[in-house]
Amino acid sequence: MIGFGGGRFDRRQVFKGTGAAVALTALGGWPLPAVAADRVRAGITGYSVINTLDPGKATLIPEYYVLWGLYNGLLAFDEKMNVVSDLAEGFAAVDGGALEFKLRSGVKFHDGSVLSADDVKFSFERLLDEKFASPNRSKLAEVDRIEIVDPLTVRIHTKRAFAPLLTFLTNARTGTQILPHKAVKEMGDEKFGRTPIGTGPYRLQEWNANQGLVLAAHEGYFRGAPRLKTIEVPLITEESSGVTALLGGQIDLTSTAPFADVPQLEKNKAIKVLKQPGLNTRFISLNLRKAPFDDVHFRRAVSMAFQREAMVRAVLFGEGVVTNGVLPPALGPFHDPKPRDVTTFNAERARAELAKSKYKAKDQKFAVVTWGSGWWKRIAEVFVAQVNATLGTQLTVEVTDPNAAYARQKSGDFLASVWGWTGFVDADEYLYDILHSKGWRNFGGYSNPEADKLIEASSRELDVAKRAAICRQAEALVMEEAPVIACFCSNIHNLLSAKVDGFVQKPYGNYGDQFPMLTVA
Amino acid sequence: MKPTPSAALVAIRDLSLSFPGKPAGTWFKALDEVSLDIRPREILGLVGESGSGKTTLGKAILRLHRPSSGSITIDGRDIAQLGERQLKPFRRDLQMIFQDPAASFNPRRTIGQALSQPLLTQRLARRAELPERIETLLRRVGLPARFSSSFPHELSGGQLQRVAIARALALAPALIVADEAVSKLDVSVRAGVLNLFKDIQAETGLSMLFITHDLEVARFLCHRIGVLYHGRLVEIGPAAEVFSRPLHPYTKLLLGTLDAADDDSGDIRRMQSVSNSGCRYLNTCPLAIDLCRERRPELEALRTGHLVACHRAGEWAAPGAVPRRAEQTSA
Amino acid sequence: MSDVLVDIRQLTAGFRSQGRTLGIVRGVDLTIERGEVLGIIGESGSGKTVTGLALLRLLPENAEVQAERMVFDGQDLLTLDDDGFGALRGARLAMIFQDPVASFNPAKRIGWHLHTIFTRADEAKARSVATPWRERARAILHDVGITRAEETIDLFPHQLSGGMLQRVLIALILALEPDLIVADEPTTNLDKLVERQVLRLFRDLQRRLSAAIVFITHDMATAASLCDRIAVMYAGQIVEIGRTRDVFEAPSHPYTQGLVRTSLALARGEGGRLAEIAGELPNPSQLPPGCLFEPRCDKAFGRCRVERPEPFPGRHGRAVRCFLAEMEQEPS
Amino acid sequence: MSLSAVDRFLPAVFSGRRWALPPTLRYVFGRILGALLVLLIGAFIVFLTMKAAPGDPSLSALGEQAPPEAIAAFRLQHGLDQPVITQFASWLGQIAHGDFGNSLVVASGRPISNLILSRLPTTAFVGLYALTIAVLSSLVLGTVAAVWRGKMADMVATSIAVLGISMPDFFLAYMLILGLALGLGLFPSYGFVAPGDSLLGALHASFLPALAIAAPMAAVFARTLRAALLEVIRQPYVTTARSFGLSRAFTFLHFIFRNALIPYVTIVGLQVRYVLGGVVVIERIFGIPGIGSLMVDAAFGRDYPLVQACMVTFLAIVLLVNLLVDIACTGLDPRRSR
Amino acid sequence: MNSKFQIGAILRNRLALAGLAITVVVILAITLGAALMPHSEEDMDFVNLLMPPSLEHPFGTDAFGRDVLTRVLIGGRMSLMISLSAIALASVVGTMMGSLSAYHGGWTDAVLMRFSDLLFAFPSFVLALFLMVVLGFGTPNIILAIALVYLPIFARIARNMTMLIKEEPYVQAARLMGRRPLSIIVGEIIPNFSAPLLVQASIGVAFGIILEAGLSFIGLGVQPPTPSLGSIMADGREYFSRGPWVLTFSGLAISFALLGLNLLGDGIRDLTDPRLRERAAP
């Protein structure tokens, strides 16, 4: 059966053409509808899997992309990454170290129920519940208890002063978004993950497992119904396919862009490219328990043996900045822009450090683990090529798949592996998790009691400037020992069709939270 | 009564062989309890239509097939169920000449290589002796020694069949099975090869099982003739006897002394023309009676050394006797 | 009106292969009279099949056929285009091949073949037949001795034996009612018993259609039992032709003599040794300069080695390609 | 065909006289039974092999940032801590009830059967589309090449065919995108339209992927058809048909083409394997939500149950097609029915 | 069946000649040519990243500034090596498997053929993908995966041919001499279907290259920095719009090599398959 899309198309127009080619040209793009004033196709590119839309269970970036448009947190980040109010009108420290949040009144969930302090308490306690086994539990690990003062006031008591808490309550990659208590209880966790209900500007209308989702405007949104009635979110595995889809008018914006294409895309008047250094860190993870990386001199030698600038050019096509540690520039005061010797290419010093180490270059024939076929692989290639050239080692690249790579990280079955983290909004997630001897992402087994103390102190310091200073100090101390080989921080990108406006990019790669801001010409 | 084994070079008793048939799970009885002796220094002819089991019998005797049951006794040893390894010593005594001379030789080996293979395998010659041995063999079958370096496709069918005889002779076997050995040859060369068979048998005194569908060739060459019909040996006897006084109705049909009804009876393949109970020839036989349906006839000696498997053959045996046709008997 | 149906002069045929042409038939002269059975005997490679195929213009594309004259019933075949020839085939000329199984379209039932041929025959004779084809099919199958005609019509070729299929082929020819039938070794693949029956059918066929038959065979006995005249081919030439009785009782060419001696000895059941023809057919690319049979001939003399004999005519249409025959006929 | 050896596995009762099934039915029945047997063995081997693979589904399911306690809970919940044999037994038990279990990673918690059922029509559509293009073009190319063999037309058709199989489908896909999508803008370079929504739209949207899959196949088909036609032309029955004076058109259609279809259909059936293989990469390039891209996602995600289900599905499709081709060939070639 | 073919015959067959010529050019290019290239396939040049084709770099440079032509030549060598090894493995094991299975029949045959049927029933790329995920990455595993995909094809050919040839009188004659089965299979049977094996092998090598390229293309390829044609294409795909020459030239290189192998395979088939030869005489 041939359907003609509700009369949008005139039969004669199709067949008047002189040949099949003409007819097909006339059909170009059809029947995928052209951008309509009330809908936008916001492709999630580079990913194909969304498992859950339950913030308490979410782990994957594309999951967050969507749930940022479905939920709100108590707080949010503004364009400059300042913490601002969201569901909470405001907050204040009360005596005894607790934080008191005053909720907006009249905020409605998608199911029409009204937000109350009980929902907040429920959402956080659910996250804290060990049986629930939330991957985001660590965000609230320092929370002692949650107290309902009145239906619109809630107090969060922490075990100790915990500076990162405020950032962890934002609508970012946190999992602390607020859920409706009653609805979750009625549905159960499993079902809720698939039919989510939040306070956000959009609600889930349709979800085809790893094909895409359709979001519909939440008419009762507390900031007013969003302009766009429908957001279609196709999942596009290949980034480059995302670009061709955008250029072909099949989607209107993308969540990422292939680094290589950015310069050309910037020249294309039909689209807009938004970019900035993101909240991410890319490094070579080393296993400090095994030779040769148990030797600090060898680590330093390797760290000084390659040009990070060349890596940024060859791997990211210039779409990123070199880093001297794990804290990315987007963290503002936490980032120390001053170059460090140990993370700066210097062939002579590298060889000098190598000479000091107990290992000989020619004995080093191990593989640097990486995965995929994209730029993750290229990091390892550039790294290995340069280190071999500088030090005379015979390192190789071992490409595997992300799962195997991660499994090997966790089990310690690696010597060096390309690694990195993305979307962390608080310095503590970088410093403590990766470099503290008890940090659960500290796969290399690095341990420095002095650094541990500093990192712990930083999380207790509530004054941002002071806390940043401690963090920089800790990072400087750690990086001298090169427990990981810092490489770079990559830019984040969004591609927008020229017709789309209103998208404001934030360094953690906010996507869904901008859906209500979008306008279509 | 069965042939006495004492005089036999090869004694075959109740040899049966079945192949898996279509549809799966059924079996096709290619040989059905065949018993016969191959005597020293004789050429035994085996005649019958295509599909009668002549070739199968020949190959079973040579153990190119493994019989389902029955025995093949050579030198007092039953080789019917021996494995390939145990057969090796018997191999040199039993050789075969095949119907298609072109297919009898590996196209990639020269005639010389083909002739030296058996000698080397059975360790009958050292490498140094080979050229001389090959030349002798080739001369023996009337071919020039220069053929030694030729490839099979460079020789004609007649020449190749001579080489095949030479190859069989190389091992000085006691028995050669020749399977339609002249039927693919051109008329003008056939006579020469037939003469060669006759000469060689006379000179070496080996025995020969000569399988053919050509009765004239069989009469020319063979001392005794056996007639196969659908896996059953229906008649066996001295060549002159069988040709001049055939006992089985089928033999008579073959010899043209008894006319079959000139129609398609039994000719449609899917209609099984071969009877599975009683006498196999039942459906085609103009002389069949109820007894033929009920009991399978066994080989019996009606004259000295002339055996036949037919309930009504006795009626022929007396000179001048003619059995009445089936219609009359059953009426 | 002449009784000559086919008149061929100097037919040569060969095959192009890898840039060369390999000659197979080398100057065959042949006349076939209406209603006669002409046997062509010879061994494989002697060119008898190619002669037959050339007669019906059925040789494959890489074949090269030339002739001085090819006349069929007063019609010059050499100037006839392919469509014109196609109209002759099936209507006036027909052929039966060696392998009956391979002659049938394996995907179609016997009835389909018959039906197709009825259509073709009616079209060629420009007639319409009211009888339903099934009835015609049944009748014609009965004519060739197939009693289970009704069943046979619905069978596929592979379900029939070679003998049955050869009968059906004969039925097809019967339906076509041609004037000339070329039968190429039609009984070679059959068992002796079936062969006898099929040969009998051939005699029937010839009687009913009063068609001329060219019967190609390598079997002397078969030829003798069926044919009015015999042509003996050797290496692409007719070495001897004449009335069957003449050729068999008094073979003139040494090759014919050899063949006849052997087959007679076998037929009579004589013991002792058979007469042999030594040697092999000549390689078509390395023909002897003189008589083609010379290398195998025990009667060859000097002239045979340098000169190729022409056919020397004799009585009753006899012709022999041998200098000995010439000498016999021209007493000097 | 791959199933021919199955006969030997069938107990004799099926061919015995007690079962008075007509031969064709018995044949089909035997084939189905054989296919099921292969399917079962295949499923078992796939299951065992997958278990031996490195990597951990819990990690992919929960993401890189999952803490250890979540992983332990996940493993317990999905029975991954059970012995392999127990897992296989329970898996087989589920399958018997038409339940492939739930996806662990790719679409966590969803029933795999739903997932596959939702993807299958897409792959079937693209695959059949490609097959149609390949069959139609190869019929023309192959016939032209055979009829005018040795002539210019043959050279052209044969060259196209050789070029067709010399180009990897994914390379061709990119060249098509470059030329027809990005260059001329005739077709979309990405995306899929369900034929249920709009058949014309679906044909348009899937043209490039279908063409990329079809091209190498069309080449193989055309060569097969050419060879088959030339083979049949040499058959004695064709000469016989000519000797009867049957017209060229009739002879070609009923004798030559008709019988050349037998090897042609067999090859078309065999090539379905390649269609399905090609679909995997092509679906990924063009973003088509079919079973091929599902398989890749599942493989990369170590979604054990899903990979197994995909492999079993692929196996089932191939076996089904083989079965159909077998039956079709039995229809085309009466010699096949015993 | 006389499956001997001579160089002279190849030269007379235009297709086979073209195939042979292309294959020779390819082999020369990836051996001599690669050795003569002024660039190294691994040396990175961060100044000349993604340079379009020029005299200095006829195929341009890639994201690391490496010369694409050099990489294509070295990569071609790698791809051919992988495919050749895989096909060699598959043909030797498959042929022995098929021949033994056909020669002995019975349960050996049933089990071996069942196994091969099973491998054959999976779409080849899906099977290769599955095997790669199961076996893990790395060149030996690619070879193994491709070999396993091709194993049943060779087993099948060998089985069918052995089934036919083992009934040939010359094989029977060899048995009558008392020769051992293995000696007969290796000495008498297999050489007589070497032509179809060779045809299948040359086509198999072509498909092996495609298979390897396909695996590399979705990210399961050989380990860097060693290039293979597939991994070069996969890299090129990453920046296809920025430097289309990388994907295009490596793709064309594959197509060229495959063209040669396919033509050669066709040519050998034409020359050796008696059914395809015009009848010289009836």
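Read from first to last, the chains carry the letters A, B, C, D and E; within each, the first residue is number 1.
As a working rule, contacts are C-beta pairs under 8 Å (C-beta built on N, C-alpha and C of every residue); 3 or more make two chains touch, one makes a residue touch a chain.
Everything numeric here is computed off the predicted structure, so don't read it as measured data.
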item	value
Neighbouring chains common to chain A and chain E, by label	D
Distance-maximising chain from chain C - centres being C-alpha averages	A
Separation of chain D from chain E, taking each centre as the mean of its C-alpha atoms, in whole Å	22
Intercentroid distance (Cα basis), chain D paired with chain C, Å	52
For chain B, residues that touch 2 or more chains besides their own	none
Where chain D touches two or more other chains at once, by residue number	8, 54, 234, 284, 300, 302
Residues of chain A whose C-beta touches two or more other chains	401, 404
Chain C residues within the chain D interface of the complex	53, 56, 58, 60, 86-91, 93-95, 97, 99, 102-109, 116-117, 120, 124, 156, 158, 172, 176
Partner chain B, residues of chain C touching it in the complex	43-44, 145-148, 151-152, 155, 159-161, 163-164, 167, 191-194, 196-197, 200, 218-220, 255, 258-259, 262-263, 265-267, 269-271, 273-278, 280-281, 296
Residue ranges of chain B touching chain E (in the complex, touch as defined)	59, 62, 64, 84, 87-89, 91-92, 94-96, 98-100, 103-108, 114, 117-118, 121-122, 153, 164, 167, 171
Chain D - residues contacting chain A, complex	54-57, 59-70, 73-74, 103, 105-110, 115, 118, 177, 181-182, 184-191, 193, 197-201, 204-205, 207, 284-287, 289, 293-294, 297, 300-302
Residue ranges of chain A in contact with chain D within the complex	1-5, 21, 24-25, 27-32, 48-49, 51-52, 59-60, 130, 133-135, 137-138, 190, 193-194, 208-211, 234, 236-238, 241-242, 244-245, 247-248, 250, 401-404, 406-407, 410, 421, 440-441
